[in-house]
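Below, chain A partners chain B and then partners chain C, in two separate complexes.
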Partner chain A sequence: MSLKLCSEALSGCSGCEMSLLNTGGGSLSLFDKFEILHMPILMDHKYLGCNGGDGGIHIPKAGVGLISGGIRNEQHLKIAEEMRRQCDIIIAFGTCAAYGGIPAMMNLFEDKDLFRRYYRTAEATDSSLNPTQVIPPFLERTFALDEMIAVDFFIPGCPPHPDSITAALESIVQGKSLELPLLSVCDSCPAKREGKGSVNKIRRFVRNARYQPDRPVSEMRCLLEQGYLCMGPVTLAGCAGMNGGPPRCIDVRVPCRGCHGPVRKGGNQLMDILNALASNGIDTKNLPDRLSSLRFSGAHGRLNWRFAKA
Partner chain B sequence: MEMAYEDVNRHETQFEMKAMSLSGTHPGFEPRILAFTCNWCAYAAADLAGTARAQYPANLRIIRVMCSGMVHPSLVTEAFEYGADGVLLMGCHLGECHYQDGNEKAQMRSLVIEEVLSLMGLEPERFRLVWCSSAEAERFAAIVRETDEALRSIGPSRFRKNT
Partner chain C sequence: MRETVAESGCASVREITIEPVTRIEGHARIGISLDENGNVAEARVHIMSMRGFEKFIEGRAAEEVPGIVTRICGICPWQHHLAANKAVDGCFGIEVPPAGRLLRELTQVLAHISDKVLHFFFLAGPDFLVDSQQYETRNIMGIARQAPELAKRVIQMRYRAQMMLEKFAGRSIHPDAIVPGGFSKPMSRRERDELHAGAVEQLEFARFALDFAREHVFSRFNAEFLKLGEINTGFLGMVNGEDGGLSLSDGILRLMHPDGSFQEFSSREYTDFIGEHIEPWTYAKFPYARGWGEGFSMDLDAPRGIYRTNCLARINVADFIPTPVAQAELLEFRSLFGRPAQSTMLYHWARLIELLYTCEKVIELLEDPRITDNYIRSDAVPKAGRGVGCVEAPRGTLIHDYSTDENGFITRANLIVGTTHNLAPINMSVNCVARDLIKDGQVTEEALNRIEMAMRAYDP
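Right after this comes the complex of A and B.
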């Protein structure tokens, strides 16, 4: 019997759905086991009561609900609540749903600043007033899914690796619970570690790291040890998929950005990375743009314009 | 050092916060203060303060740690999330650490703690890093009294559910 699947995209970018389609050959056998009832991003389904209906949201009953994106406005919230009512299992799909993601960086700004920027001061936009129609009323900030509805499983990643998606959906088909290994990106990184050494200051990434382009990552020195701010120590592993390759950013010789969110659920990437640096005698006060270490996990009240000015 | 706090201190923090909320029967605001004291200096000072019958507010709860340098910032933020109004981190005077430089690590980490607390919307007065040698019982009592008074003037923490 096939499992029924509903999917919704809230305050996100649909990159997670791209990654879902990117599961390649795995997806063909996978989609045999799922019957997609509702997925507005892939197929047309009138459900918002926009055609003269009763104004309600109509999502069919399903076994699995896949929600990508955080919750930013009242429409997102109502859809998320309806998904929770109609689906037995809710999966927070991607970093936005799990930790707020990139849209949660907006939590550093008040709504009035956001609207002024978007509708009036953006370079490529003709200045206009704030819209009074179509855009649903905003909530006070961007929320992660689990701040508003109960979430059963999390698949973090920006976007999640196709392997993680396949593995997660497979385990649900088999009725198993989904366990994320509590490993950091460093645990899955082959870069050469030679000890903490003499790094006492973090450099901006304006000059390339030192490495031999024709040699594999395992022969490159750890980027943190080279003095760049790599978020590897405080970020959940998994971006490389299941084939044991190097983490995706490290693979292209760029420091980890932290897109899989904190290692431990409820962790704080800013606190953990600053603490890791401070414990190793690195002066954290000199670190520019430190708030951006929460660029993927700014929900859960981590970023708040009342307390932190961008 | 990183592994020890996971099991021990997290549960202790919850236990102490709960104990305080149950005993908080006084009308009006009674600050809850949690202190992480190092085994070698500050905890000994607290011990001496008791033996010497130094007077300090009873709303202080102490968690003994081996070194102030082992207190991960997340322990402090969690204490606030569980409803502490103030947290004291107490260690040996600089240069007197039993483990040579643990208190210097604590000092580096305290900058991180202060920054994260301000992002959480907590007043800077709620967290203090202080040095206190094992002989300074009166200094220990004075620090607790000062902290208690400071917290009474700024009121309950925004994370505190009941008053």
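Right after this comes the complex of A and C.
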């Protein structure tokens, strides 16, 4: 007998849903294990409404509720609250739901500046007042899911690897708890560590790292040691799934940017990377655009336009 | 009885809401208002959310932006990835070495494949392929139960196309491998051979897909069905600047009038030709052909400035498709439907013709001996500049327009995302179907799904 599942996507991009479709060699096993009652990207269950316009959001009862994306506007909040009411277990699916994700970078700016840019000063745009009819108003910033509703489990990743999704869903279905190992990307990275070397200033990634083209990534020197900002030390391990593959960006010789979120649930990726760099003697004063270290984890009040301006 | 819609009023139905619009990407609501006779007075597609990428990439180091803007879309991240990199190349004044260009084009075109398979079979397909029109089964799960072998093959082929990217470029979703100046790592001969085998398999599947569709789906496209959501518009797409053939990566933009005549311009000049109109009932803006000098109107009888993008537009504007199997299909298509073809339902056919092209193009790129060259990236020095990066995303012409300061930080960005060019046409198609199918206050579930089908054809 299959478990009932509802899925919603809020302020995200559907990448988590695409990764879900990549589970089990392509999602057929997903359809066997779960009876999907509501999942707008794949099937036609609609919200019922009472008044035809700004109507209620009605989602069927289910054992599992998967929510991707953060909460940006009033409708996202209503959907999240309805999912919480109707689903026994709520899973924050992906980095946006867990930490705010890339859309939470908007917390660096005031909405009035967004609207001015978008509706009045953008090239090619016929200047206009802000749209306000029918569409849901913005909340004061982008929130992670657990800032607004109680969340039972987190599957971080941008997107989470299909294997991680499968393992998480299986644990949940078997009634086990889901513990994410407190390991960083560095713990699963095969790159060679030789010690700090002579790096004392961060390089921007405007030229490729040094590596032998036909040699494996395990023979490439650690990118942080090469002087690039790599968020590996302050990012949760597991982006390549459960089978021990190298972190996915490192595998293509590109530094990690932290899309799997902080190592600990409450971790601050900016504070943590500044500490990691400083303790290796790297001058963090010249770190270009330091707030970008929070590009994946800008909810929970971490990114705020008030101190971005300071 | 199960209600699919929200209805207000007790005796007479006045407002009909379809929400969420399903089997699309993103959040949309269709709102239909009826007059006192129960006929459609207005039908609108409300885009319910907006994240603000153009604003929050201000102040970012330009070389970081291509790894941020992938998150605009988890179905087409490679398109934003490449367009952003091209824009940064423009700001920093970088020339990409040949192997870098080949790897970029390869990954971007390869990414089209799984997107098209997803759309035709998972998203739109259930409207055509599932026998029972109960909403519970009108989806990929319903296809899996009704035709398990087909579903298995389709699911597997989409997965394999994604895994080709995953294996070579680290990630299929939200990549990092395209970088300002080129690509992050070269392709080995072994990788090239594996990808080649995978591409040959994809091409075989693409041929199957079009043959299957012709037999089971397009055979039912009679004259009446082809009128579903049909509107008369112009078309925008990229073509090869030298010969006018279809191109998805590099080229010039061709903007065609409904009568088939066209203008061409480089993507850098887009603001001379494309304007963006705003309505108070949707967050998204409406690109329109400002260059035609006729303004903007979505009136079904007298549209102004309206053009479409995405696969039907691309095969309309291109003089030919430069790969043989797809070109043969295009010739057949044109013999049946002319040029430009206006029927919205033909997007599904055009999509499968383009699927053939993308598979053939991937093979062609992999057979270029320069693609395994080790010199894949030119170094860059951050500086002040402006760059416009343009590619054809599956949903349409994608433009990333960035400016940088002397430290190479973004000062200003303007994005026109592929699907938005179709927002005005989608509104018109939805209006058109609603008016045809809802009369005298009679609303059926089938009519409402047909209204969504008119939107779905655009793969929004």
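One rule holds for everything that comes next: the second predicted complex is superposed on the first by the 296 of 310 C-alpha atoms of A that agree within 3 Å, B and C clash if a C-alpha of one lies under 4 Å from a C-alpha of the other, contacts with A are read in each partner's own complex, and residues count from 1 in each chain.
Keep in mind that, in the parts below, a contact is a pair of C-beta atoms (placed from the backbone, for glycine too) under 8 Å apart; a residue touches a chain by one contact, two chains touch by 3 or more.
Small disclaimer: the values here were computed from a predicted structure and weren't measured.
S.K.: Taking chain A as the common reference for superposition, should the pair chain B and chain C be classed as clashing or as fitting?
M.R.: They fit side by side.
S.K.: With chain A as the corner point, what is the angle to chain B and chain C based on their C-alpha centres after superposing, as a multiple of 10 degrees?
M.R.: In the superposed model, the angle at chain A is 150 degrees.
S.K.: Tell me which partner A:F307 touches in the superposition: chain B (first), chain C (second), both or neither.
M.R.: first
S.K.: Answer with first, second, both or neither: which of chain B and chain C does A:S279 touch in the superposed model?
M.R.: Touch status of A:S279: first partner only.
S.K.: In the overlay, answer first, second, both or neither for which of chain B and chain C A:L270 touches.
M.R.: first
S.K.: Between chain B and chain C, whom does A:P159 touch in the aligned arrangement: first, second, both, or neither?
M.R.: The answer is second: A:P159 touches chain C but not chain B.
S.K.: Touch test for A:I89: chain B only (first), chain C only (second), both, or neither?
M.R.: A:I89: touches no partner chain.
S.K.: So, does A:L139 touch the first partner chain B, the second partner chain C, both, or neither?
M.R.: It touches nothing on chain B or chain C.
S.K.: In the overlay, answer first, second, both or neither for which of chain B and chain C A:V173 touches.
M.R.: A:V173 contacts neither chain B nor chain C.
S.K.: Please name the chain, chain B or chain C, that touches the greater number of residues in chain A.
M.R.: With both complexes superposed on chain A, more residues of chain A are touched by C.
S.K.: Which partner chains sit in contact with A:S292 here, chain B, chain C, both or neither? Use first/second/both/neither.
M.R.: Only chain C; A:S292 stays clear of chain B.
S.K.: Between chain B (first) and chain C (second), which, if any, makes contact with A:P131: first, second, both or neither?
M.R.: In the superposition, A:P131 touches chain C alone.
S.K.: In the superposition described above, what is the shortest C-alpha distance between chain B and chain C in Å? Please give a whole number.
M.R.: For chain B and chain C in the superposition, the minimum C-alpha gap reads 16 Å.
S.K.: For chain A, give the residues common to its interface with chain B and its interface with chain C.
M.R.: Overlap of chain B and chain C footprints on chain A: empty.
S.K.: If we count contacts the way the header does, which residues on chain A are in touch with chain C in the complex?
M.R.: Its residues touching chain C are 9, 11-19, 21-22, 25-28, 31, 36, 40-53, 55, 72-73, 75-76, 101-103, 105-106, 108-109, 113-114, 117-119, 122-126, 128-129, 131-136, 158-159, 204-208, 211, 213-214, 248-249, 251-254, 257, 259, 288-289, 292, 295.
S.K.: Quick check: in the complex, which residue numbers of chain B touch chain A?
M.R.: 72-74, 77, 105, 108-109, 111-112, 115-116, 118-121
S.K.: In the complex formed with chain A, which residues of chain C make contact?
M.R.: Touch residues, chain C against chain A: 3-9, 14-27, 29, 31, 44, 46-52, 54-61, 63-64, 67-68, 71-75, 77, 92, 118, 122-123, 135-136, 138-141, 144, 151-152, 155-156, 158-159, 162, 169-174, 176-177, 179-181, 184-186, 188, 270-271, 274-283, 285, 287, 290, 296, 374, 376-377, 379-382, 401, 407-409, 414, 416, 449.
S.K.: For the complex, give me every residue of chain A touching chain B.
M.R.: Chain A residues touching chain B: 267-268, 270-272, 274-275, 278-279, 281, 284-285, 290, 301-304, 306-308.
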